[in-house]
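Look for chain A in each of the two complexes below; its partner is chain B in the first and chain C in the second.
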Partner chain A sequence: MRLFSWWLRRALSAVVTLFLVSILIFAASRLMPGGFAEVVLGPFASPEQKAEVSARYGLDQNILVQYWLWLTTALTGDFGISMISGEPVTTEFGLRLPVTAELTVAGFAAAICLGVPLGVYTAVRAGRGRTAAVGRLASGLGVSVPEFVLGSIVVFLFSRFALGLTVGGYVPLSEDPGQNLRSMVLPAAVLSVFVIAVTARTTRDAVLTVLVEPYITAAIARGESPWFIVTRHVLRNASIPVVTVLSTITAYLLGGAVIIEYLFNLPGVGSYIVQAVGRRDYAVVQAGVLLAAVVFIVLNTLTDAAAGALDPRFGTGSKARRSR
Partner chain B sequence: MSWWHRTDWLTRAGLLCLAVLVLGTVVATVFGIGGDPEAMVGPRLAPPGGDYPLGTDQLGRSMLPRLFEGIGTTLLLSTVAVLVTAVIATLLGIAAGYWGGWLGEVVMRLVEVLYSFPTIVLAILVAAVVGPGQTATVCSIILITIPLMTRLVRAAAIIVAQRDYVTSAVISGAGWPRILFRHVLPNISGTIAVQGTYALSVGILVEGGLSFLGFGVQPPQSSLGALIQQGSTYLIAAPWLVIVPGIVLVVAILAINVFGDGLRDSLEPREARSLV
Partner chain C sequence: MRIPLLYCAVAATLIVTGCSAAPTNTPATEQAPGYLAVTDESAPDGGTLELQMTVDNGAATGLDPQLADVATAWQLMSLVYETLVTVGPDFTIEPGLAESWDTPSPTRYVFHLRDDVTFSNGRAMTADDVTGSLNRLLESEGVWRTQIGPVEEVSTVDERTVEVTLSSPYEPFLAALANIPAAVLPMKEVADGSVDLARTMLGTGPFVVESHRQDVSWRFTAREDYWGAGKPAVDTVNIAITGQEQARMAALQNGNADLVMLGNVDAPQLLQGVRGTTVATQATTDFYYLMLNSNAPGGKFSDPRVRRAINIAMDRNAISASALGGLGKPTGATPAGLPGACDPAQLPSATAGLDQARQLLAEAGAENLTFELAVFSTEPAPAIAQVIQQNLARVGITVTIEQLDEGSWSGKVYGEVPATFDAALSWFAGYADAGMVGKWWNPEQAGFNAGFMKPNPELNSVIDAAISTADSAERTTALRELCTAVDEDAQMIPLVTRPALIGYRTDTLSPTLYATEGYGNVFRGVADFRLLTQ
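And then the complex of A and B:
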């Protein structure tokens, strides 16, 4: 019952947040100077032509009416049509989702397979001192190299010295898996550096916090092996910050790795939204940002639920928490 | 023992690096080292060396003064934005943490709304609304850094608000301005400083990303992101146009992050243990 009321409360607050996001995004898209008609018709269009285009897309109606129409149809899953291509917005996003999904899967896999073990290893090997400082410097470097710097350098190296992997030239996975992988390796690698470093840093911090707990002292005193202590005691107790950072990373990747897509010329969700902002393609901008916010909020809620499952004292309003 | 004595060599190196960057840029700007950043003096895309220590760009402008101008712009815009963020986030966070209730609920809801926008998309929306340029850059950095900082200030304020010295101040009849500014604020200043440091590195990243996509600082003014963006067109012919500002950008962010880590560790010392 308590769990049910927790979910109910979270769902309500998610609805309120999404409602506010929808207002903000609608307001922002209409506050952009130079409306859709100006962008589409160019600078030499007559006022009559502009009025005609605006009327065709319902842009001449009262702004509140427009918002209401958009919100109510969006709730039925219909986000309207792209005013540039005339295709439904959902179809347009469907075309670009594979790129974003591939990058997300690659980044997530890198975070779990490399970031987490790296974080655990550096924490377990070194508490403080010189080795710790080196570890700090290395993971700090990973977080500090912006995607567009690393990406530019990778693009330069691979296009200057024909190193075997193609820069750009994206081919859908369904058409030619081999060619697709060849074009996705570099963007995925550039993206992974940051993702791995963030995960490793968070994991390392969490493990260091757990390692000084009395139950670890007790485990060491019982003569348990380091491997056993890590897998049995440390991982579970250090998992909440790690799960949180993994979910943040996933939300960030699903929202579109704009800069990576731009650098490697990939048709993903992020660069599509940015393009739509430039063309004042309102329906696409609104749907894109709203969906990204939905993904973010859903992942956030799931993370909190997972945290509650991993540690009963956490968040979901269980008995242990209340009696404290 | 002051916090300086509790920091390690890496933290001090980070701070030193930052000081060198800031002082170097100030000195170079004041004394005009390298000449006018916007004067087209040399051959186009000349490699580093001779009269042009860092080469020239596609319009024959010497890269050395442009780099100094770029560092100055980037650091200045990020610092201004982070100061604004710090003030707003501190006020909102303390209010939400100390009073809680409906006020806390409203603040956290607004923060959550900002948090759910993808960062670069949020920055580009801001740039589209206010027009690309410095204002857009500063506004985006503020909007992107406010959510996390407000949350952490609130979390710290909640803990401090339950401390005995706050309770005794309330009992002895102190008004809320006195409690907030004499008791709560000083005790969460560590959190604010550490988060401000991290926000500064995020700010530099956002400035870079936004300028790289063409929505940030506009030519002829240079910033680190704008330099990399302009250089990336000539990446194959003149890699130094990207590599030099790229390295400076990485060093600046790294120095700030390392300093932030050290600051945090010295303000909240923890025990540590090696398992192996």
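And then the complex of A and C:
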């Protein structure tokens, strides 16, 4: 019952948040200077042409009426049509979502498969001279070098010299998996550098904190093997900050994908939304931001649930909240 | 040991990156008179041509060629649509779908159509298609309705002959007919509703659209039954829409693209030494200009003396050298490079000195003038704005540059009537006749300028003279007078031409490229392009 109550509260909170986001994004998109008709039709368009386009997309109606129409149709899963392509927004997103998803999943996988082991390794080996220094330097560089800088260098090097991997020339996974992999390795690698570094640093700090706990000293005193201590005692207790940061990282990956998509000319959702902002393609912008908000809310909820499962003090009940 | 290695790797990367930008000569030489490149006819037929361009045709008006008003759309549509006449490399008018024409009087044009032309659906083109297309254009809301001139009547004489009657002489008529908005459309299908031109492209041109993903890509297939001399050399043309300059350069370098459009004026230097690539610098008649809002709050530019002072202070050579890598040419209102265009060095503003500018400002009581200059963020506009800022500082004018995204810029400059901005930077397509763009200085014809321009009846009469005078010598005089009148009016100040940079693979592609373009159509010769490797 307590668990049900927790999920109910989170669901209500999500609905309210999404409602507020919908108002915010609708208002923000309409407050952008330069309307759709002016931007897309350009300066040569006559007032009659602009009026016709505005009427076609309902932009000549009262702003509240526009919002209400959009909200009620969005609730049915219809996010309207792209005013640029004339295609349903859901269709456009469906075509682009695999690209962004592929990038994000690759980055997330790299964070878990490389960042976590690297963090554990550098923590366990902390204070042992060169290894620790290299680890700190690598994670420091990974965190501090912006993607557009790293991406630009990678694009330059791999396009100027034949280094075996291709820049651009995206091919959908469904069309040619091998070629798709070749075209996605570099963007995914660039996107992953930051998240691997952040995950490694967070894991390292969390592990270092756990390593000085009395129960670890006791485990060592009991003669348990280092592998057993790390897997059974350290990782579980160090995992809460890591899980939290992984949630944040996923949000970051979605944002970072925009830059990577632009740099490597990948037709993903991120670059599409940015392009839509530039062209005042309101339906696409609104749907995109709302979709991002849904993803963040779901991620946060899942993170909280995971943290509760890992440590009852972060659980879902009222006692758990009091114990924090 | 590993740390020094890491440092070395980073340092090597930075050195390689930095060294690549060493300045070198810009390749802009002509391979043949009027051509930057001419296709090697001995190269084999077939293959897939990979092109990349910056933006898609994103107009809300869709794919209707008569409503297309930007060069990007003209480029794409030129693969499918054709016009009665076309423009040669030296801006002479050449036969297109009309094999010849007569001009019985300055207001009558009789076009004799080719008899072997078909649309891509197999139907033969008729005189009614031509008549219907032109009449449709005259009734449309497109900007080309203004450029096509004072057409009084279009009539079908017989199956192969069409006659156009003008209400008054209009010298740029044939040049206006040579651009995509005046293309011949399948009017029978339009009339019976089987084709929606806003969503489908169906023309007489060398290619048909196989697929299109908005803002991602186009795929065109060559027509086997194309009426021209043989079908296009390549089988397929893929066009990727690549917004990032860096990505386009990368595609060119690693061979993913055979030809790319580039925007960075340093591209020739950046790609110098990359084996198998070259950057051709195509001159265009497009040009940048400065808008001074005569309706600006506080009347900053309502006094012509202030506008003239600003015009005098413009150093067009410095703008070209600093912001365009020396690739732009100073120009007056008749675009530099077009036959009959005026010499910008002879204009009143060019022959006056900075002291005269300061004197004009003093007489107008505007010694310490300050204003905001709105520019869009696409290079080289911000760089041009900086040079203008420095130019005007020499006469005591303080300019604050306001850099905006294209949407915000458009809203600020064209969103309100009267306009509320101070000054703004933009560019015009220069077209293929020296008198065409002059029309935009008449806000009564160019309604989009009405928000910031006050009508000038004297200037309007000079504009009319420049487009109606036929005699060569008289026309040159009329065009010079147009330049002078625009120079003194100074509500829109022409600055420098806008070069087009075309990168292509010399090891895979043999293209045909004009040395100078009037309609920004780099794809003009795509049907002739040949791939050197299949």
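Basically, the second predicted complex is superposed on the first by the 305 of 324 C-alpha atoms of A that agree within 3 Å, B and C clash if a C-alpha of one lies under 4 Å from a C-alpha of the other, contacts with A are read in each partner's own complex, and residues count from 1 in each chain.
Basically, contacts are C-beta pairs under 8 Å (C-beta built on N, C-alpha and C of every residue); 3 or more make two chains touch, one makes a residue touch a chain.
These figures come from a predicted structure and were not determined experimentally.
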*Answer with first, second, both or neither: which of chain B and chain C does A:Arg125 touch in the superposed model?*
first
Who does A:Ser5 touch here: chain B (first), chain C (second), both, or neither?
neither
Message = Let me test your reading of the model: by the given contact rule, A:Ile273 touches which partner, first (chain B), second (chain C), both or neither?
response = first
Quiz item: First (chain B), second (chain C), both or neither: which does A:Gly168 touch?
Solution: second
Going by the contact rule set out at the top, does A:Thr91 touch chain B (first), chain C (second), both, or neither?
neither
Original post:
For A:Thr73, is the partner it touches chain B (first), chain C (second), both, or none of the two (neither)?
Top reply: neither
Open item on the list: With both complexes overlaid on chain A, does A:Phe44 touch chain B (first), chain C (second), both or neither?
Closed with: second
Looking at the overlay, does A:Leu211 come into contact with chain B only (first), chain C only (second), both, or neither? first
Checklist entry - Regarding the shared-chain residue A:Ile153, is it in contact with chain B (first), chain C (second), both, or neither? => result both
Dual-contact residues of chain A, meaning touching chain B and chain C, are 32-33, 133, 137, 152-153, 155-156, 159-160, 262, 277-278
Counting only contacts in the complex, chain A reaches chain B at residues 13, 16-17, 20-21, 24-25, 28-29, 31-33, 124-128, 132-133, 136-137, 140-141, 143-149, 152-153, 155-156, 159-160, 208-209, 211-212, 216, 220, 226, 229-230, 252, 255-256, 258-259, 262, 270, 273-274, 277-278, 285, 288-289, 292-293, 296-297
Per the touch rule above, chain B residues touching chain A in the complex are 8-10, 109-110, 112-113, 115-121, 124-125, 128-129, 131, 201, 205, 208-209, 212-213, 225, 228-229, 231-232, 235-236, 239, 242-243, 246, 249-250, 253-254, 257-258, 261, 270-276
Listed in rising order, chain C residues that touch chain A in their complex are 2-3, 6, 13, 16-17, 20, 58-62, 69-70, 141, 143, 199, 213-216, 240, 242-244, 246-251, 253-254, 256, 274, 404-415, 447-448
As the complex stands, chain A meets chain C at residues 32-49, 53, 82-87, 92, 95, 130, 133-134, 137, 152-153, 155-160, 162, 166-169, 262-265, 267, 271-272, 275, 277-280
